[in-house]
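Scrolling down, you'll hit the structures one after another.
Note that subunit A is present in both complexes that follow, paired respectively with subunit B and with subunit C.
Presenting the complex of A and B:
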């Protein structure tokens, strides 16, 4: 089972590839909306990429509790 | 003293103009639009016809406001709005009546409207019959906008999503960029400036400025921002590039737009 550090690296890599963020833009407590300015289309793209990478299926209600990068990491860690 | 009287006259004129607009809106929504829908051969044909009626209404309203001495409009490049390939129009949004001014320049113009309009007694009849797009479609909004354009319908988007902050330009949302990418079309930017600033966000209609509003509207040549992005670039990154470039364009050109 991957560690939270490994999962954080995956998630950061996806964010950099999808949205061209730099490492300096990303930190665990960064808010997906307020700090990274992700909109609804970005949320879909991020979800699709994470699903492809992990094989997990995200439900809409899962996404409501996810606000920060750390929330994404914790969500994936609990299910992998 | 004279200036106070003159400003008082413009407050009165603004109130009367808006009252006329509201009454027209109700009249259109309750009587004209249902009639158009009934006789149109299809829903789509009805929507286009309603948009044409809205255009003529807006033209009349602008003339009323001009007649009252409330505003003056200096417009450049208006003919570009009527070109067949000018389908994705983008504008900054300094005042309450920007859409009215732009709608008065072209016979067909669809737009995204706040969902509250569908429950507003003055607007709901028209927004529904004109086929305007509600802003609460979430991630379906881009598809709805692209669909309009693919059907050859001219669409205006305000990337700031709301009226500009006083004296400036708000942050740009990426909806217009996504629509441009999805539809594969250039953006036709319109610059709007109002001096002195008036009808701004949070401002009451009766807070008219010391002098009449002078609008400068410039319809620019099409901007093809697609070369900024690579074919294989993820759409999130592509939309950010396009939106950033678009905002830079506006920030630069608005500074030099003559009043």
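Presenting the complex of A and C:
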């Protein structure tokens, strides 16, 4: 099972590659909507990339509890 | 909606037709901004050779009235469809093979439409062909409309998905349905207020407009095909339906996405232009679509 640190690195990598964020933008407590300014299309984009990477399938309900990068990491960590 | 359907059922098509003509005439006479916008649209169509031919007259007040009347005629057919009185509607369909192919492969897709022609006629056709189509609506009333549609025609498989451009729920619902092999239809000719930064500027009938990117972005992310579907009334209860494939479904690499999506939005606008030039009276955007009032 990957550690939370490893998962954080994956997620940060996806955010950097797909959304052109810089390291300075990314911290565990950054809000996906308020700080990173992601909208619903970005959310699908991020979901598709993370699904490809992890083989998991995300539902809309799963995303309700996700607000920050750390939430994404915790979500993945609990399922991988 | 319930009341108008009840009227249609009680009064019949002919009386409703007269009532609708009267309502349309009233709107035409009182809506000066709409008339102005209408004439500007007709001039744009008239500037093209095909458009001139299809209009058959100058882009003046009479042509403008005919547009309003065409809307009334489409409305009458919509009432017939909602009232379940459209069994005798006839269709001439072009491009149905695109839908057949998807159905055979069990693939879903995004269907882009516009306020051009009658999309309720497409709903009826989908029902006859037993295809499942979900319509995305930019309204908070989707649930209520679904309830009414259920009452009116319990067997119909078309359902509305409520869409707030900021809502995750809508995009996930679209994804789920496309993955299930169903079609999701989106009217893509009007950008919604929440879509700032998600539009492509493209020249449409000679003037730049903002075409929403979301349907094409979503298709790119889901790797699903995009079909264009339009239905034009050629007489009472008679329709010519055109289905075209804008893309077979490619997932754009991130760096090419902007370009790919822009190309799709531009192709969509070009096809709308093509059909506006052939069915000029059935463009049912009656507001200042090109923002002429703002720019003048």
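FYI, the second predicted complex is superposed on the first by the 80 of 80 C-alpha atoms of A that agree within 3 Å, B and C clash if a C-alpha of one lies under 4 Å from a C-alpha of the other, contacts with A are read in each partner's own complex, and residues count from 1 in each chain.
Quick note on the criterion: contacts are C-beta pairs under 8 Å (C-beta built on N, C-alpha and C of every residue); 3 or more make two chains touch, one makes a residue touch a chain.
Remember, it's a predicted structure, so these values are computed and weren't measured experimentally.
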| item | value |
| --- | --- |
| First (subunit B), second (subunit C), both or neither touched by A:3 | neither |
| Partner chain(s) touched by A:44 [first = subunit B, second = subunit C, both, neither] | both |
| First (subunit B), second (subunit C), both or neither touched by A:60 | second |
| First (subunit B), second (subunit C), both or neither touched by A:18 | both |
| Touching both subunit B and subunit C, residues of subunit A | 17-18, 39-41, 43-45 |
| Partner subunit A, residues of subunit C touching it in the complex | 165-173, 175-176, 198, 214, 217-218, 221-222, 254 |
| Subunit A residues within the subunit B interface of the complex | 17-20, 39-46 |
| Subunit A-touching residues of subunit B, taken from the complex the two chains share | 138-139, 142, 173-174, 178, 234-237, 239-240 |
| Residue ranges of subunit A in contact with subunit C within the complex | 17-18, 39-41, 43-45, 48, 59-60, 63 |
